[in-house]
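After this come two complexes, each holding chain A, first together with chain B and then together with chain C.
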Partner chain A sequence: MDYSQFLNMKEEISLITVILILFVVDLFIAPEEKSSCKKYPRGMGTLLPVVLLTIQTLINIVPSAPVEAFGGMYQYVPMQTIIKTVLNIGTIIVFLMAHEWLNREDTYFKRGEFYILTLSTLLGMYFMISAGHFLMFFIGLELASVPMAALAAFDKYRHHSAEAGAKYILTALFSSALLLFGISMLYGTIGTLYFSDMPAKLDGDMLQIMAFVFFFSGMGFKISLVPFHLWTADVYEGAPVVVTSYLSVISKGSAAFVLMTILIKVFAPMVAQWQEVLFWIITISITIANLFAIRQQNLKRFMAFSAISQAGYIMLGVISGSAQGMSALVYYILVYLVANLGAFAVISNIEQRSGKVEIDDYNGLYQTNPKLSFLMTLALFSLAGIPPFAGFFSKFYIFMAAFHSGFHLLVFIALINTIISLYYYLLIVKAMYINQNDAPIATFKSDVYAKTSFAICLVGIVGLGFVSIIYQAIDQLAFGM
Partner chain B sequence: MEYTIFILILPFLSFLFLGLAGKWMSHRAAGLVGTLTLGAVAAMSYLTAFLYFTAPRLADGTFATLIPVNFEWLPFTSTLSIDMGVLLDPISVMMLIVISTVSLMVHIYSFGYMKGERGFQRYYSFLSLFSMSMLGLVLATNIFQMYVYWELVGVSSYLLIGFFYTRPAAIAASKKAFIVTRFADLGFLIGILVYSYYGGTFSFHPDSSMLMAGGAAMMPLALGLMFIGGAGKSAMFPLHIWLPDAMEGPTPVSALIHAATMVVAGVYLVARMFPLFIVYAPGVLHIVAYVGAFTAFFAASIACVQSDIKRVLAFSTISQIGFMMVALGVCTSLDPNLGGLGYMASMFHLFTHAMFKSLLFLCAGCIIEQVHSNEMSAMGGLRKYMPVTHIAFLIACLAISGIPPFSGFFSKDEILTASFNFSPIMGWVMAIIAGMTAFYMFRIYFGIFWGTENKELHEKLHPHENPLTMTIPLVILAGITCVAGFIPFGQFISSNGQAYHIDIELSTALTSIIIGVVSIALAIFMYMRPTQPVADSLARKFKELYTAAYHRFYVDEVYQFITHRIIFGCISTPIAWIDRHIIDGLLNFSAWSAYATSDSIRSLQSGRVQQYAFVFLLGALALILLLIL
Partner chain C sequence: MNFLSLYIFIPLLMLVGLWLAKGLKTVRGVMVVGSSALLMLSIGLVIAYLSARHAGAAAEMLFRAEMMWYPSLHIAYSVGVDGISVAMLLLSSIIVFTGTFVSWRLKPLTKEYFLWFTLLAMGVFGFFISIDLFTMFMFYEVALIPMYLLIGVWGSGPKEYAAMKLTLMLMGGSALLLIGILGIFYGSGGTTMNILEIAKLHNIPLAQQCIWFPITFLGFGVLGALFPFHTWSPDGHASAPTAVSMLHAGVLMKLGGYGCFRVAMYLMPEAANQMGWIFLILTGISVVYGAFSACVQTDLKYINAYSSVSHCGLVLFALLMMNRAAATGAVLQMLSHGLTTALFFALIGMIYGRTHTRNINEMRGLMRIMPFLSVGFVLAGLANLGLPGFSGFVAEMTIFVGSFQHFDAFHRVLTIIACSSIVITAVYILRLIGKILYGTCTNKAHLKLSDATWEERLAVITLICCMAGLGLAPSWISHMISNSVGPIVSQLIP
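Then we have the complex of A and B:
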């Protein structure tokens, strides 16, 4: 065996290195549980994982030529570097946000676990993205799901965290089982699971259709599309906010990207079928999620439904099935990432300081915390797609991709839903700026890590739309998909 | 010349910096930041102009059109995209000099004029924004970029006119300026859309192969609509009503925006599209000439009777822009020797006018600063107290009246020659308007510096010369006004780009000088002495005409009637009713039904995992059924 093939997986290898370093460091400096917690050292800080991950991002940031390893089990194309970089940026922001939460009395001694678990899921996503075979893909998927359940239950003595973990693992198992069943049917009908060999043999017979739908519903679970979304609100509400934000952005973004590549690469002969499925799924996802979002009182549940409808928009890039759709999708994920993480950063910060997560608690926030309100407003504007924020441009590109592929009705439905979404996003803005409140959440100062995460999100929300170089860079690589 | 991008970036950074951090800076520091930035911009502009015009010409005798910076901003289709960049050609480089010079003078002048005003830092930050937008407008590589900056110019003008936001008149004026120009810009935008649809590009020079079938027939419409936008910004009749009111802004702002730069944007736009006008829409070009001539006459006649000196200057500006439009409009060919002379004349007049008109405004600012009033009744006899201002104002008056050797003579002479070449009637009309110009300018000159002195007020206020920050710009601009006429302008700018040698045609020159001198003599006769019996008796004799002109021929009242009575009363009120009762009703109904629907499906979200799995499976089965059936 040629061991130099491992070098082709430099992104995964470097991430594993980061995990191992963190693991070893954590072994040696982790403080004892219930030890005198006021004393230093309190285990590893936020700085180490952030710096390591930044280094890992930087050394892999330049896309290299397409390669494959292990007889095609692992396949790399330059576009994957972009999406992996995007996921890394999101993870770094999440780490920065997590600082204060992890410093709490009941979590500081296990903060090392948080980084290792999170990075393990990220590693799983990496494998999923670069898989060239369904087996590899499935391993990646599971690696991304199982630690996620542990993360959801991270605050197991608080809130509904344990419940969230349990619900997540149960539904994840169910969907994985269904997905695996689908994959086995595919193997049964065509006798191979290599992505490159499959399109020639697929002919769209009944069993393959069933296999496809099972596969699709498994992915639909990860992306939380209606009707595979029911776990979302409960898990988002119960899990710690930082985990929720990771779940809503990183996990979802990677799954959407993988779904698109597999649909285009593997299920190319069944394009008519999957476009029809997506058409209905997008329509009901956006619409139903919007209907639910309107009446939420809990901000985390609210963000859950907002995330479902955003997933519907992301799928517009998938349904177009074109290179333009691919670049619009990656760009959308990037823009959605900064906006959503920006909103979650504010929610998380406020929950840490005041324990409040209801929309009514935000009444009059502007008077006490104007900067947080401002960031939240921009993030919501970007999510709603109001120009000149980045969200407008990403929606513009993704609608255009779908429109060019002939889905005029679908774009129209999505546009109408954009207006509805504007309504509920503005409800929060209204609460912060207009609603009167005698006792708004008290003024507080955020720590430097949180401030850094705010700054990154702010720059992204305001700047991404104008820096057309980013979209063009994505666009150029999309053709090499 | 990639550095030219900094001509745009520097003022923008200064705007951001002063806008965000100005609150914590002293007035002096904020002013210095703005002025030094603009100084750097001006230095870069001069360098650019020097390098550009000293570079060797191309084989066909023209200067190369350079695009040192360009990037794609919004791609629409493979061929149609919105670019952002910097374009250098003779007229954009000329505009660079005009804008940066006047803007720098105004920056320096404002140190003295705005001293101690509340919001001094805000003022300088807006000035930076304006400079950036105006420079971006002239450097635009395509019509859409121009439109973006065009609107930015409108916004910064709005902000600056309404700078004294505690004064209701200033607020009303800023709104009026914004709404009227925005209204005209609607035409511009539609023009751009028509142009890009049929031309397949946003570029200024569409490939004839890209034109859609029948596209050439649509070009006159597109260009005509664009001219409406230009007419709004350049205050052509009947869209001129905002400019006199815009004088509510600080006087240096009037000098910069409403005399030298923004108001000539319309002229610049027509000049920019000039090759297309000549090829596709010569008829529209003639409409431009007629609109310009009428506006020039109309504004000049109003300027003869106004008593507020800034208003007189405002109407004079409108009238002079009319001259520039006429010069462009009378062109019939791309060759300056065969009827394309007006293009050069227009750009030349734009250049000289920018200098002497900003000088006039800055002088007016000096005077207003001393007597605390815009009305001529508060002035008179000021030559004794303010000698520098007096001489500078006189130079500018001589220039605008077309007396050699001051710059206005040379450019106006070219306009008159071009008009006479087009048709003798047009030539004589423009010559008479030139005479009116000389008359009303010397009317206010004598009204301010000679005439009846308001002794009572002057004893109380003791008018005197202003500090050096205010007089130095006057001296510089007066110097430019004295020598600018001798610039061999045709060597740099002409309708086909080749060098054109300006010949002063003796008969035209003599005509214009004689008309100018006669008009000045008339003004001396009527207004120089402490009492003005002739002027008063004329005003009594033609009372109706005088009152009508004094009220600006009631154009504002017509607008009031049309907007308030007809549009608001007959159209807006019924629409508002429909909106409130029917549209809102429908929306409320849809909101209510959305709410009701979400209420009825909320049981799906029960919190029970078993049920989630069940729905999950049902969903998958439903999809299978969908595909199989």
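Then we have the complex of A and C:
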């Protein structure tokens, strides 16, 4: 075997290096469970993982020529660098957000585990993205889901967190089983699992359509599309906020991108069938999630339903199947990432300081914490697609891509839904600015890591739309059918 | 970068200045400097525009500048002005200038209030200078969203309900608009978002035009208070703080008319010819229905809001007549109504600030108590009902002369019906003035009220001078508008 082909996977190798370094460091400086010195808990700081991940991102930021390894099991195209960089940026923000939570008494001694688990899921997504074979893809998917369950149950002494972990692992396994069943049907009808060999042999046979439906259902669980969304609200509510934010952005974004590449690479001959399926899935995802979001009182559940409807919008890029759709999709994921993480950063910060996560608790927040409310407002406006914030641009482009591919009615339905979504996003803005409250959340100062995460999100929300070079860079590398 | 971009940069600098400002004085200082600079810029622009035209510049749009923004999507930052947009820019900067002085003593959170106010103004200016569909749409939405907070936080009455209703209805309109824009863009081949180039290509198939025209027209029409989508307007205007009502009724509603003309009708002329009659009927209803509704209201702001529905309906009505005189009248009406209604809302706000009631049955004999405001009120009323010497007369005259040039019964009958609104306007205006200004004051508390302060006088006098100026010497501006309306109308006439 030619071992030099490991070098073709430089992104994965460098990420594995980061994980190993963190593992070794954690091994040597991990504190005792009941450290007496509470003020300066020993153990790994937030700085080391953030710096290492930043270095890893910077090393790999320039896309290189397409390569493959292991006889096509691993396939790299330049577009993957972009999506991996996007995921890395999100992970860095999540790490920054996590600082305060991880310094709590019941978590600080296992903070090393948090980083290693998170980066393992990230590694899984990397493999999923770069897979050229369904087995490779499946391994990546599992690597991305199993540690995620551990993360959801990270606050294991809290009942909700443990429950969220259990729910997540059960649904993840169930969806993996469905997906695997679909893959096995494909193998049965075609006799190969290499992406590059499959399109030529697909002929829209009934069994292949069944295979696609199972495969898609499995992916639908990961992206949490309606009707596969039932785990989402409970897991989002139960898991620690930081994990929820990771789940809602990074995990979802990577799965959406992978779905699109597989639909383009593998299922291209069945385009009429999968577009039909996606049409209905998108319609109900956006509509039902929006209608449920209106009634939520808990902010984490609220964000869960908001995330489901955003996933529906992301799918608009998938359904178009064009290069324009792909660049709109990746751009949407990037913009959604900064906006959603911005909102979650505020929610997490407030939950750490005051333990409050109900929407009513946010009444009068502007009086006491104007900067946090301002960031939250911008993040929500961006999610709702209000200019001049980045969300407007990403929504416009994803609608444009879907419209270009002829889905006029679908764009119309999605647009009607943006009005509904605007309504519930404004409810939070209203709580912060307009509603009166006798005992609003007390004024507090965030630590420097949280502030850094706020700053990154703020720059992203305000700047991504105006700096067109980012979209152009994505657009150059996009590919479609 | 040419000097039109200053319309974006000055508000941007104002935003930064407000952001950094500490203390009320600095905030006011930033606003006064910024809004005066914008007013100067507009006056300079009018002079530059007129002299360029005088020197023989024949292009449809002057002072053009273009910078590719998203090349792969054919989106550019592209600016340029013709007579219509120059007039609208002038109007906007007058309203922003006076609006600053009207909200001089606004409390609480003055700084935040002006931040959102400036953002709103930036959207309006950006909209009028853009000739790229995407940029235009972006600025359009920038102008909408600050309304929610401005009404929700600083408004009065059922403000949360009104703010939400207004935002959602207008956003619904802009959702239609987005579809319409995408339809236009891909219908014309998907090669350019530039309005002038699309108009030159003139290649959207009729079948597609018939889908996208009504959608686009409705999208803009919601903001132009087109019946039956006008219901946000009375609630929104009644609850908004004074300066926001001024800006909203004075300028923002004009975005609707301007967009209908510049985008919907200009780019899809065949469909406009085929389907215009439907909207003509709707606007006819707007005109008469708005006027009748104003007659039975007892809240000052509701009266003016319904009067705005009626007058803005007249704008769309005249545009749909699709000839040069009527279209010129429509733009003049936008200008005139913008000034008049802003003055009205300013005065209503000032009176409300003193009497703490807007119910016309609770006020009487204000003329003796606050003579300055009352005289202003009378002048605003007379301008509103179209008294010669004020801008309203010029505009309505041009509109009806233009409308009557159609010889068929349908247009004639509609014109006559719309004309009747002048009479109804006179009814509610005179009733209003008689009720609250004259007679003897019965409320003891009202006797102690003071007249206008200096900044209020400044705002009122500025607006009255503009109205009278436009009414007494209308020819320069109506020439300017008429020349620019020409190319659009000639596209419309088959």
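Note that in this section the second predicted complex is superposed on the first by the 473 of 481 C-alpha atoms of A that agree within 3 Å, B and C clash if a C-alpha of one lies under 4 Å from a C-alpha of the other, contacts with A are read in each partner's own complex, and residues count from 1 in each chain.
Throughout what follows, contacts are C-beta pairs under 8 Å (C-beta built on N, C-alpha and C of every residue); 3 or more make two chains touch, one makes a residue touch a chain.
Here the structure is a predicted model, which is why all the values come from computation and not from measurement.
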item: Chain C versus chain B on the shared chain A, clash or fit after superposition; value: clash
item: Touched partner set for A:Tyr332, first chain B, second chain C, both or neither; value: neither
item: Touching partner for A:Phe344 - first (chain B), second (chain C), both, neither; value: neither
item: Chain B versus chain C as contact partner of A:Ser468, first or second or both or neither; value: both
item: Chain B versus chain C as contact partner of A:Val429, first or second or both or neither; value: second
item: Contacts of A:Tyr246 with chain B and chain C, given as first, second, both or neither; value: neither
item: Which superposed partner A:Tyr362 touches (first chain B, second chain C, both, neither); value: neither
item: Touched partner set for A:Phe292, first chain B, second chain C, both or neither; value: first
item: Partner chain in contact with A:Phe174 - chain B first, chain C second, else both or neither; value: first
item: Location of chain C clashes with chain B - one stretch out of 171-179, 369-377 or 459-467; value: 459-467
item: Common ground on chain A, meaning residues reached by chain C in one complex and by chain B in the other; value: 423, 468, 472
item: Touching residues (chain side chain C, partner chain A) in the complex; value: 69-73, 75, 134, 138-139, 141-142, 145, 148-149, 152-153, 159-160, 164, 167-168, 171-172, 175-176, 178-179, 182-183, 185-186, 190
item: Residues of chain A defined as touching chain C within the complex; value: 324, 327, 381, 386-388, 392, 396-397, 399-400, 403-404, 408, 411-412, 415-416, 418-419, 422-423, 426, 429-430, 433-434, 468, 471-472, 475
item: Residues of chain A touching chain B in the complex; value: 166-167, 170-171, 174-175, 178, 206, 209-210, 213-214, 216-217, 220-221, 226-228, 230-231, 233-234, 273, 276-277, 280-281, 288, 291-292, 294-295, 420, 423, 468-469, 472
item: Chain B to chain A touching residues, read off their complex; value: 71-74, 591, 594-595, 597-599, 601-602, 604-605, 607, 609, 611-613, 615-620, 622-624, 626-628
